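One chain, chain A, links the two complexes that follow: it is found with chain B in the first and with chain C in the second.
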Partner chain A sequence: MPEATIYELTSAGRQGVRFPDADVPVSPLPAEFAREELPLPELSEIDVIRHFTRLSQKNYCIDYGFYPLGSCTMKYNPKVNEEAARLPGFAAIHPLQPEETVQGALALMYTLQEWLAEISGFKGVTLQPAAGAQGEYTGVMIIRAYHESRQDDKRKKIIVPDSAHGTNPATSAMSGFEVVGVATDASGNVDLDALKATLDDTVAGIMLTNPNTLGLFEQNVLEVVRLVHQAGGLVYGDGANLNALLGVVRPGDLGFDIMHFNLHKTFSTPHGGGGPGCGPVGVAAHLVDFLPDPVVVMVEAGDDDTAPLYGFRRPDKSIGRMKSFAGHFGMMVRAFCYISMYGGDHLRDIADYAVLNANYLMHKVKQVYKVAYPRVCMHEFVVEGRWDDAPEVHALDISKRLMDYDYHPPTNYFPLIVHEALMIEPTETESKQELDQFAEALIKIAQEAHTQPELLKSAPHNTPVGRVDEVKAAKDLVLCCWMPDSK
Partner chain B sequence: MNTPAELKYNATDEWVKVEGNIATIGITDYAQEQLSDIVFTEVIVSVGDSLKKGANIATVESVKAASDVNAPVSGKVVEVNEELGSAPEVINTDPYGKGWMLKVELSDPGELGSLMDAAAYEKYCQERGH
Partner chain C sequence: MFIPHTPSEKEEMLKTIGMKSLDELFQDVPEKYRFPKLNLPPALTEMEAMEQMREYAEANESTRELICFLGAGAYNHYIPAGVDFILRRGEFYTAYTPYQPEVSQGTLQAIFEFQTLIANLTGMDVSNASHYDGATAAAEAAVMAYHNFRGKRNTMVLSPAVHPQYREVVRTYICGYENVCTAGDSEDSDPLAGPEALYPLIDENTAMVLVQYPDFFGRIFDYTALAKKTHEAGALLCVAVNPTALAALKPPSSFDADIVVGEGQPLGIPLSFGGPYLGIFATKKEYVRKIAGRLVGESSDSQGRRAYVLTLTAREQHIRREKATSNICTNQGLMALAATVYLSLLGKNGLKQVANLCYQKAHYAAGQIAALPGFEVVGASPFFHEFVVRCPIAVKELNQRLLDRNILGGYDLSRDYPALNRHMLLAVTEMNTKEEIDLLVETLKEVSHA
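Right after this comes the complex of A and B.
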């Protein structure tokens, strides 16, 4: 049963809270600010509680079930992270407190900066950006500031492979660059000849995702980095897929100049509606001075008897502030906690199991679903959700049918370079049993596609709301529950 | 897949219809089928603009993806299909007719030689797995 909207549950005159009579003189609102009508829902407290409780129970979340949403790394978020983030020393501090009264929080931020730098092979890290996309924006602003600082003002182009996340070209355009696409070759790597054709002294840099969005390790990565550097450009790493590399490969060692991290993916802080995100950016030595203002520094080293003193500092050529105060501090606590739980020796387990799980699942389903680029995959893989002998069935229908089997669908229709793409990322937190059951569902759906295609076309059947009209949803936008009177 | 024989085709899935010195431009039946239901179209050039072949002329959004449309030929824009703003779905139902996007006055008719004919374009689409 679909849940009615809260506006449909309204009952005129019903009230959840009764305000006491004012014990100060009442002064009316100036007439120009007063409204005759304010159509807010009217419900009792229990009506509201039940409404939102029912909605929350209809919500699909990682704590409920398997969530193989490729590229989004919907790994389990350990509850100990939540405990840590709620410690009063972290949760009850205010960003305007004097630095000497929040030394613990600053120590955590400083240590997390250092850890992320060590994990990724970079020299400096900012924790400020609010999420991955803002991390990208920060990184590309740094690219721009770097070239400007050298009076190299011809560099107006950013190269973006056609397998990139959509945020990469958006970030480049937003930062005032012209976006130049580069094709993917037959094995799923950046096409080196196409890349070479774009390179000249107008290139500011490249935005490269490794592993790329096909879930493949970029086999030409060293050559790509060399060629772009040779042309005077910088190499930006989209760290969205760092999950696959943790403790195995350090992007800084590959020659990347900049990379953003998605703490809300790789380092297990909540996302997908539960955020907020956190998108730190790491940079190589020659870019440290451009980092956003402020970074956390150790002002005085401690000794056996005295704790070190931490404080904020503005980097010399800083691009400025990207976010108010210190960024999303609660996410930093969770990521700190997560990294501490694994420790330096075991971070690698995350990547090992993420890659193992993805390959296991790929091999279970590849007999019935065509793997777009049949290579050993990294943390995710992309199959085609279509068959020549079931022409009416599309990837979307498979995804909808998966909901009937109580699974969150994988990402569909991305990356754009794969027809009817289904992008599956199991993450390292799933067991073999869970993967086996999911593979079984996918295989069953492939059979249904051939024997009862209408079952897929009209799916989902077991959900509170059936197939939604996506065209209508995209075209007929209703952004308010009530239509304000036009004046 | 419909590929009218009288049109020329670009590798990024635009079609060109040449009448005298005027080229009408739109996206192909293959392109609209790949995009599926189109929900938004914006032609980002105006009458009087000079276009270079390859320039971004429009954005098409479907429930699956957003896609750029590129100028298959160079020239000056003489007319833009204003109807697409309110009825982008005509690109799905009539890509070669009501779904046209703009008309340009060709500045380099020699460029037409670099476009594909219907047979070559059909083969090109099949090679891409459809």
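Right after this comes the complex of A and C.
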């Protein structure tokens, strides 16, 4: 049943929330500025709550079931994080309050900066970037500022392997760099010969995802880092896949100069149906001065009797401000709570079980689905969603059919270098039983693909709507619902 | 906790994949750097973690205890209970970006409704699914303007009365583009000048003119003449708005703005020390294919039923890679949902009521303060719910005195504008009672006598 829109549900005169009358003398707004028509809906509270409750029931979510969306790290979102972020001492503080009135928030941010630096092996961390894509942007701007500060103005190229997320080349181009691609070799690593061919004194840096988007640890990582450094470039790590490395290896130790974190992937903050995220950036010692404005510093160290004093500071050669205020503080609170519940002794469990789950699931399905690069994988793996003897079936059809089995599909058609890719990331929070059942569903669908392919082509059958016509959406372009007559 | 494996399940799984220990999984990692000891505190249970979080939270003085007259881009408004009730539904907050429309109609329809509400509130033709915040929305507008003229116009004219942080973020974003510069807000410009001061700067090199409505100082200007000047020069006019104010004020479409951006935080989003907030971005139909960020469109499913889907995705980074004009993926989905629920609950009359309360209370406060010896409400322009006060002593000192009375005073404008030494920006919302305003006035009076 399609749900009516809020504009269709509107009934003139209804109002969900009222406010007190003015307790001060009133005077009218000057007529030349006053608005006449305000085309907003009119609904009672129950209309609103039912409408959005019914809409919510049309969504698949982690709280309902398995969500193996590769590269997105759809792990369980702990409920205690939600409680913590809503404490009035966090939710009801203003970003411009005097620093002495927000020492708890500043202490939390300072400690989170320190923890992320410790986890990743970097010297300094900014929490300001709003999301992974903005973290990347921050990182690439730092690369630019670093070379500029050395008057090394020939460096116009950024190397991006062909397995990279689309944001990597987009970010480099936005920052004024020329993007140079590098191929992947037969074992799923950066092709070293291809890399060497691109390296000269015009290279500003490389954007490297490790584990890469095939779910594989870059076996030549130390050599890649060495070569890029030798050419005078910096190494940027896309930290989207950090979940596989917690307590296993620190990118800073491997020689990475910069990396962004996705708190909404690795550190359990919810994805929110598409944000808000949080994309902190860690940098090695030689780049600390370039971090965005502001970072949190300890202004005065404390002692037994007095707590330290924290404050905001603009780094000396800062690339500037990436967004308003100090970042997505509510997400920092959640990530802080999460890290403190694993601690130094158990953080590695996350990577251990994420990688165990991925390898276990890969093992369960590899007889039926061709694994693109058959090696021990990290937190995710990529299979081909196609068979020579079922030519009409595509990865998309398998994805849609999985919905009928009550699963969210994996990522499909990414990475681009695998034909009909299905990218599967189970995360550490799924149990063996859940993985077994999912593997069974995948195998059953493979059988259906050969015996009843039309079942896949016409899937999904059990969802609130069937396949949606994307061509029509782009052609007719209806971006707003029915407007009241006043418009 | 959050990892369900029992020791025997772990063993069984290792056996299945032919390994003896978890360590074996990491054979590709250089041995020298494998399994570092992390210097982090020991793990806490949920009970301990929550206690710890409470301690950090209680080390802050929040707007629940302090009387808040601080605004400057983030505002203390009432959030109806229904907003957070919907936000806490796992179906919304534990879902991903709606890439698979068949199992994401809830998120998709909510975003579609958000786009409609924002288009109607701003008077523009189309809105996107959100940006990170008001400042980055303004920066994305500048980038869009740059691309609209294919890099041939290289100046962004910024009014000095636009939020200082918005202007800083615009600068950060455009510095990757060759030869693009900003004008209008240099240190010697008069921060309190009206929009006319920008006219001489607008010429054939101007890509975009950015103003704020109400501006950073709370003032309301009719930008009709500015829009005309801007369009005569062939440039785009971008107006940064406060969405609450738009319930009372003529929409920016009435003076022919090309792009409307804004901070959506006042629409049911907690202050939360600066984020996550909500970037608003709306524009005219003709620029729809140049908008950065996600768009949801109406379509139909295989059985002809109404259905929603992400559309015009060919503009985006995951398709166009280095040819995309923005790297943005999804951003503030849940915050857009908060604004959608907030606007649905308040509706036409509720939002008007909030806007009117803000206006009336701010004017009462300004009137009382203007009557105090030593204080002056600066400027003759009409204002919405923020205004500038010249104080007899430094604002920092004044705020300290106010804080002693549990009052969170206004923003110290000398932080961004050296010329506005001793100038304070005060914000008043529906949350401030007459009693609180009178206490503020009383305290200011005492301070000026001391």
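Simple rule for what comes next: the second predicted complex is superposed on the first by the 428 of 487 C-alpha atoms of A that agree within 3 Å, B and C clash if a C-alpha of one lies under 4 Å from a C-alpha of the other, contacts with A are read in each partner's own complex, and residues count from 1 in each chain.
The rule we apply is simple: contacts are C-beta pairs under 8 Å (C-beta built on N, C-alpha and C of every residue); 3 or more make two chains touch, one makes a residue touch a chain.
Since the model is a prediction, treat every value here as computed from it, not as a measurement.
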{"item": "Touching partner for A:19 - first (chain B), second (chain C), both, neither", "value": "second"}
{"item": "Chain B versus chain C as contact partner of A:474, first or second or both or neither", "value": "both"}
{"item": "Partner chain(s) touched by A:262 [first = chain B, second = chain C, both, neither]", "value": "neither"}
{"item": "First, second, both or neither for A:62, with chain B first and chain C second", "value": "second"}
{"item": "Partner chain(s) touched by A:277 [first = chain B, second = chain C, both, neither]", "value": "second"}
{"item": "Residue contacts on chain A - larger count, chain B or chain C", "value": "C"}
{"item": "Partner chain(s) touched by A:343 [first = chain B, second = chain C, both, neither]", "value": "second"}
{"item": "Partner chain(s) touched by A:466 [first = chain B, second = chain C, both, neither]", "value": "second"}
{"item": "Touching partner for A:419 - first (chain B), second (chain C), both, neither", "value": "first"}
{"item": "Overlapping contact positions on chain A, where the chain C interface meets the chain B interface", "value": "166, 414, 470, 474"}
{"item": "Residues of chain A defined as touching chain B within the complex", "value": "166, 394, 412-414, 416, 419, 470-471, 474-475"}
{"item": "Parts of chain B lying in touch with chain A, wherever the complex brings them together", "value": "34, 36-37, 39-40, 61, 63-67, 89, 129-130"}
